[in-house]
Amino acid sequence: MEERIRVELVSTPIRIEDVMAGLEDPSSGAVTLFLGRVRDHHEGHEVRSIHYQAYAEMALPVMGSIAEETLAKFPVSRIAILHRVGHLQVGEVSVLVAVASAHRDEAFRACRHGIDRIKQDVPIWKKEVLADGTEEWVDARCGGETRG
Amino acid sequence: MEERIRVELVSTPIRIEDVMAGLEDPSSGAVTLFLGRVRDHHEGHEVRSIHYQAYAEMALPVMGSIAEETLAKFPVSRIAILHRVGHLQVGEVSVLVAVASAHRDEAFRACRHGIDRIKQDVPIWKKEVLADGTEEWVDARCGGETRG
Amino acid sequence: MSSIRIRLFAVLRDRFGAEFVALDLAPGTTARALLQRLAVQYPDHARHLSTCRVAVNHRFASDTEVVAPEDEVALIPPVSGG
Amino acid sequence: MSSIRIRLFAVLRDRFGAEFVALDLAPGTTARALLQRLAVQYPDHARHLSTCRVAVNHRFASDTEVVAPEDEVALIPPVSGG
């Protein structure tokens, strides 16, 4: 399973090209990628930056389970899930999910499944730093956050 | 419209990182990307490489129309569609569709729409070079090709 | 009667061994009629011609669109890009 | 009766002003009972505690899972990663 799955929690910028290189597989004609980036707005207020806090000892195995579950559920060959922690500016990549598969239908569905499950279960939290200097933890149950 | 759409037909390798940089937009929290790559097999035979031929004068405007149609149909902010032509080896990227949006649901749906429409209407054809040295044009109506 | 040069691609270009095929063009010829005339004139390629769409000036033409001598006409076999 | 240290994150860590909260642990205490005991002991945080899931040894625990003193227990507020 090792080389089919790449799961990482990182504190430095996520390098897309590196991740894509790791998904190379001559039998996979389709690759889908999802990137989550820090947006400049959330529910009507202006966001300056976001601090991501993780329960790392649990987040990593949960990300690993999601990767394995995705490989079991869809006929895909490889998956990469990376999440960044620490202080991120607007525009920086917070999460990456990439999937390689023979065909595009399953590549899209598997990638979507991966990011949906991450947003449900991975113990990572974001605290927004707003334009007025205030900071607040985002509660994923309220408002549009789960659509992010 | 200019800066929201990037459409290119290229004869050199597609550089993902460059394209992603062009999709940067502080209001877009979600980016989806689809890459089509040359697979080492197709309908049971072994593929060595693929030659892509385009009717360039028509392919570019059709790609542009698909990009505009996608922006009109989904609430996405930016889209890039690149297709490579010429001789590609197994593993090389033939097509890229990338979409930036505020939320992930529309980013996934718009990206999927883009690649589906490309495979329907863009006048580009592939000729496979098989392991036994024979070459043949792929007929997208037969077999699994439209699922690629 | 004027003549028109029709662009060929992919499998048709290989079969004809040329990038163009010329056809006499009666006034009022539609895209569909043009394709049928070619199939009559080149019965060996009729099966492949029947799978083609006609493009006029870089857009897919409807069956009833009339082709003029100054138009850029191309035959579009089933596409397989991506 | 033994005691257990419970890990806190995000909004709870800020509210408690600490990375851990200690709780006396009667034998047979379930994950659900642990959360209820905390809410009684810290009524100011009861509303936030009620939104948490309990993790035992890095996995989400069911309500009826029994917590042992040597387990690593954490409270997981609604996650907002991605």
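Think of it as A, B, C and D in the order they're written, each chain with its own count starting at 1.
Assume contacts are C-beta pairs under 8 Å (C-beta built on N, C-alpha and C of every residue); 3 or more make two chains touch, one makes a residue touch a chain.
This one's a predicted model, so the numbers in the text were calculated from it and none came from an experiment.
K.L.:
Which chains lie in contact with each of chain A and chain D?
P.N.:
Shared contacts of chain A and chain D: no chain.
K.L.:
Among the remaining chains, which ones contact both chain A and chain C?
P.N.:
B
K.L.:
What whole-number Å value describes the gap between the mean CA coordinates of chain A and chain B?
P.N.:
So the centre of chain A lies 23 Å away from the centre of chain B.
K.L.:
Between chain B and chain D, what's the gap in Å when you average each chain's C-alpha atoms?
P.N.:
Centre-to-centre distance between chain B and chain D: 49 Å.
K.L.:
Chain C to chain D: how many Å between their CA centres?
P.N.:
Each chain's C-alpha centroid was found; their separation is 73 Å.
K.L.:
Considering chain B alone, which of its residues make contact with at least two other chains?
P.N.:
36, 115, 148
K.L.:
Check each residue of chain D and list the ones that touch at least two other chains.
P.N.:
none
K.L.:
With touch defined as at the start, can you tell me which chain B residues reach chain A in the complex?
P.N.:
Against chain A, the touching part of chain B is residues 16-17, 20, 24, 26-41, 90-91, 102-105, 107-108, 111-112, 115, 144, 147-148.
K.L.:
Provide the residue numbers of chain C that touch chain B in the complex, in ascending order.
P.N.:
Against chain B, the touching part of chain C is residues 7, 9-11, 13-14, 51, 55, 58-60, 72, 74, 76-82.
K.L.:
Over in the complex, which chain B residues touch chain C? Could you list them?
P.N.:
The touching residues are 36, 52-55, 57-59, 61-62, 83, 94-95, 115, 118-127, 137-141, 145, 148.
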